[in-house]
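Two complexes are shown next, each including chain A; its partner changes from chain B in the first to chain C in the second.
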Partner chain A sequence: MSLVAHGVTAGYRGLTVLRDASFGVAAGETVGLRGPSGCGKSTLVRVLALLHAPDAGHVSLGGVVVSGVRHRVSAALRTRVGVLFQSPRAASDPRLRLADLIAEPLHATGHARAHTRARVAELADRVGLTADLLTRRPHEVSDGQLQRACLARALVHRPAYLLCDEATTMLDASTQAHVAAVIAQEQRRHGTGVLVVSHDAVLLDRWADRVETW
Partner chain B sequence: MTALRIEGLGVRFRLHGAAVQALSDINLQVRRGELLAVVGESGCGKSVLAHALLGLLPRNAQVTGHAYLGEDLDLLHCGEQRLAREVRGRRLGLIPQSPATALNPVRTGRRLLAETLRAHGRDPGLAAEVAADAGLDDADLDRYPFQLSGGMAQRLTTALALATDPPLLIADEPTTGLDRPLVDHTLDLLRRRCDAGGTVLLITHDLAAAQRVADTVAVMYASRIAEHRPARDVFGAPAHPYTAALLDALPNWAFTPIPGHPPMLTALPPGCAFAPRCPRRTDACGVQPGGPVACHHPLVAAA
Partner chain C sequence: MADLTVLRRPRPAATTAAILLTATILVVLTAPWLCPLDQSAVALDRVAVPPSLPHPGGTDDLGRDVLHRAVYGLRVSLLVGVVAALAATVLGGLVGGIAGLLGGVTDRILMRLVDTLAALPHLLLGIFIVAMLRPGLGAVIVSIGLTHWLSTARIVRSELLTLRTRPFIDAAICGGATRTRVLTRHLLPHVLPKIALATTLMIPHAVWHETSLSFLGLGLPPHLASIGNMINDGQRSLLTGAWWASLVPGLLIVAVTLAIAVLAARWRDHLDPRVRAELDL
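Up next, the complex of A and B:
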């Protein structure tokens, strides 16, 4: 099982950012990706997360091509890949309490309320959010607390692959180590394939099984 | 010579029905030519310290204590007029934390820089040179802030703060959003200012950054200074258990998070705020310890 970009070219309105790029993450492994600003790391994450249609090339999930020219991706496929972005504030609906933020992907795919509540409680406990924090909205919590909620949300569907795009850059050392520990635990339990994009060579050497430099 | 002397600084924000104790009894001294790094987890009060010194706190803040700039001027009691006319930008500069909210969106970088240089009696033609020092290309100066990437905007705010050449510079997370070569470039720029006789107060959550350039390090935890010692001592032989735990969380150390959570600043426990998470706590920790290492059971004896 693996999530692979095959010869992907992608960009935004005439600006090509990725050119014929190939990159893969296998189940159970942690791959680090390092490179200077603007080299297309974030675009690769968006393509692999099935959030951005490539102009050429394709993405395959477990050997099955899931993105093509028409790029129609079912909800069931999307839930196989979780993403954790650099800025939790930009990635969170400011109107939702943290509990609803975490539960949103479950609501969106029609899960029963009872299941949702139990799953949110379980994940909140794992990422280290107290019941009090779950009742607050994004502007009432710190970046570190909000990123913990975003991690819980990314794991809520138990994705086969988790993509972290500079997800710990703005966090303090202790929160960074905790986020990495939660992801490693998820990987041990469920064989999650993890992609860690970062500028930080020291972090990648410690966290990833192998590191690619662009 | 002392560039900045902070004595018993406390800041408290009144909210409906609660009070946030953002800073408690801060005592710090920074010599001319020194680079002091203030490090700690997010929400420990680091940025409030910067804003208190510059008189930029909101109305609901209650400030106590003193902060002497140079020999004479008490920043906390000299009044808004003196701060505006003599201090901000002139004697005390700030690289703000969030470039997105600090830059005027309807001015290009070149115009922002020229405006600042002119207001301080310097040649507006120096804009390109000041920008180059901060690692910004001349071509990027003709863009508006929304056309800049986060890293470019960060370098522009750095250039703006340096344009006035203030003797004391507060850099509040100046490397957020920069990739490693630019982080190092910015840090080296701050280091060179100190080597040339300037003074820098670097506020950061990035311990590697502090280790690279700081002369002294103040570790903050839950509104207080846990440990203030020379940088090589803090990183070589941390004395406060919190410092040791924070270093252990680094990927090149143990990469192990600190158990538990920092306390809410609305409900700080009496005594040492780190005690609930501390492996060395005893009954003595119910009383707040003082000194350069604020701990009853330090890992090494403080010099």
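Up next, the complex of A and C:
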């Protein structure tokens, strides 16, 4: 079982960022991807996250080729891939309280309220968010606290694969360690495949099973 | 300690505007009870009386009390202004929404249409529309609605285009949100305050448009007191020295629309402090 990009070429409006790139993450492993700015790391994450359509090549999820991106991907496939974005502030709807932010994917896929409430409480506890923080909105919490909420949101569907795009770059050392620990715990429990994109070699060497450098 | 007095900076313009507008709305709403006499009753024994205690705004060339009539005129003008601004908002919101959400060719076609219409003088376009319809309140509202939706369409479209590229929309999609859900839960709630603000800023424009049409004799029927009709009627008295017949309704409409604009600008500052310097009222 794996999430793989096969010979992907992708870019933006005539600007090709990725050229014939193949990269994959298997269930249960932690893969690091390292490279300088502009080498296409984030574009690869967007392609794997089924947010950006490749110009050539394709993405397969668990051996099945995924056709279409964004809204054209069924919720069943979509929810098997969790994404943790670089900037928690940009990736959070400023209107939502943290509890709603975490619950949003469950509401979106029509889960029962009772289940949602229990799941949010469980995840908030795991990522270290207090009940008081859950009632606040993004502008009332720190980047670290917000990234914890975003991690909870990314894990809320219990994804088979988790993509972290420079997700800990903006965090202090202890929050960074905690986020990594929560992800490692999720991986042990559910065999999650984790892709960690970063330019931080030390972090990747410590965290990832194998590191690929672009 | 940092100087925080700026937070409680008095805003005399906004305060004055709020008081003026509240008073106007109260007077306009209670007009039938406040001054129940017929504002269109002709009294030839007191024609063109200058402003005085029994007639603070004077009387016109048919002996009608100018201030009394201006209050009723303001009722009509504000009603037309608000309804027309709402109609323009709905139309502009729809066109801008479709352009911003679908993007691509649809967006390009719709926005070129908007540009084309914006290139025409809108009073001229308004006159053309009124001329095509049966004269009356409805024709004026349609005329304003059809000429004032362009700015709203542009605002809604650009807001949607910017919002759509924000990472939190990607995050919502990753969570499994459908198109409808992204629209109703993440896009509209961010656009609605801007639309409401645009509508408020449009009301003075709409009122002025109605006034202009009525002044040109294309708006409301002459027996109906509207500010435009009154200023138009007052012209005749101007040469005989009865300046108040045009000036009183003119000042009233300037004051009221300015008050709405000041408050709307204040609200805009509150929503988006970055553009504060642009119009410091």
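Rule of thumb we're sticking to: the second predicted complex is superposed on the first by the 209 of 214 C-alpha atoms of A that agree within 3 Å, B and C clash if a C-alpha of one lies under 4 Å from a C-alpha of the other, contacts with A are read in each partner's own complex, and residues count from 1 in each chain.
Criterion: a contact is a pair of C-beta atoms (placed from the backbone, for glycine too) under 8 Å apart; a residue touches a chain by one contact, two chains touch by 3 or more.
Keep in mind that what you see is a predicted model, and the values were worked out from it rather than measured.
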item: First, second, both or neither for A:A152, with chain B first and chain C second; value: neither
item: Chain B versus chain C as contact partner of A:S92, first or second or both or neither; value: second
item: Partner chain(s) touched by A:S37 [first = chain B, second = chain C, both, neither]; value: first
item: Which of chain B and chain C A:A181 touches, first, second, both or neither; value: first
item: Partner chain in contact with A:G144 - chain B first, chain C second, else both or neither; value: first
item: Partner chain(s) touched by A:V83 [first = chain B, second = chain C, both, neither]; value: second
item: Which of chain B and chain C A:L203 touches, first, second, both or neither; value: first
item: Touching partner for A:T109 - first (chain B), second (chain C), both, neither; value: second
item: Doubly contacted chain A residues - partners chain C and chain B; value: none
item: Of chain C, residues touching chain A in the complex; value: 166-168, 170-179, 181-182, 185-186, 189-190
item: Complex interface listing, chain A residues touching chain B; value: 36-38, 128, 130, 142-144, 169-178, 180-181, 199-203, 205-207
item: Contact set on chain B toward chain A in their complex; value: 40-43, 149, 151, 176-183, 205, 207-208, 245-247, 249-252, 255-258, 261
item: Chain A residues within the chain C interface of the complex; value: 46, 49-51, 70-71, 75, 78-79, 81-83, 85, 87, 90-95, 104-105, 108-109, 150, 153-154, 156-157
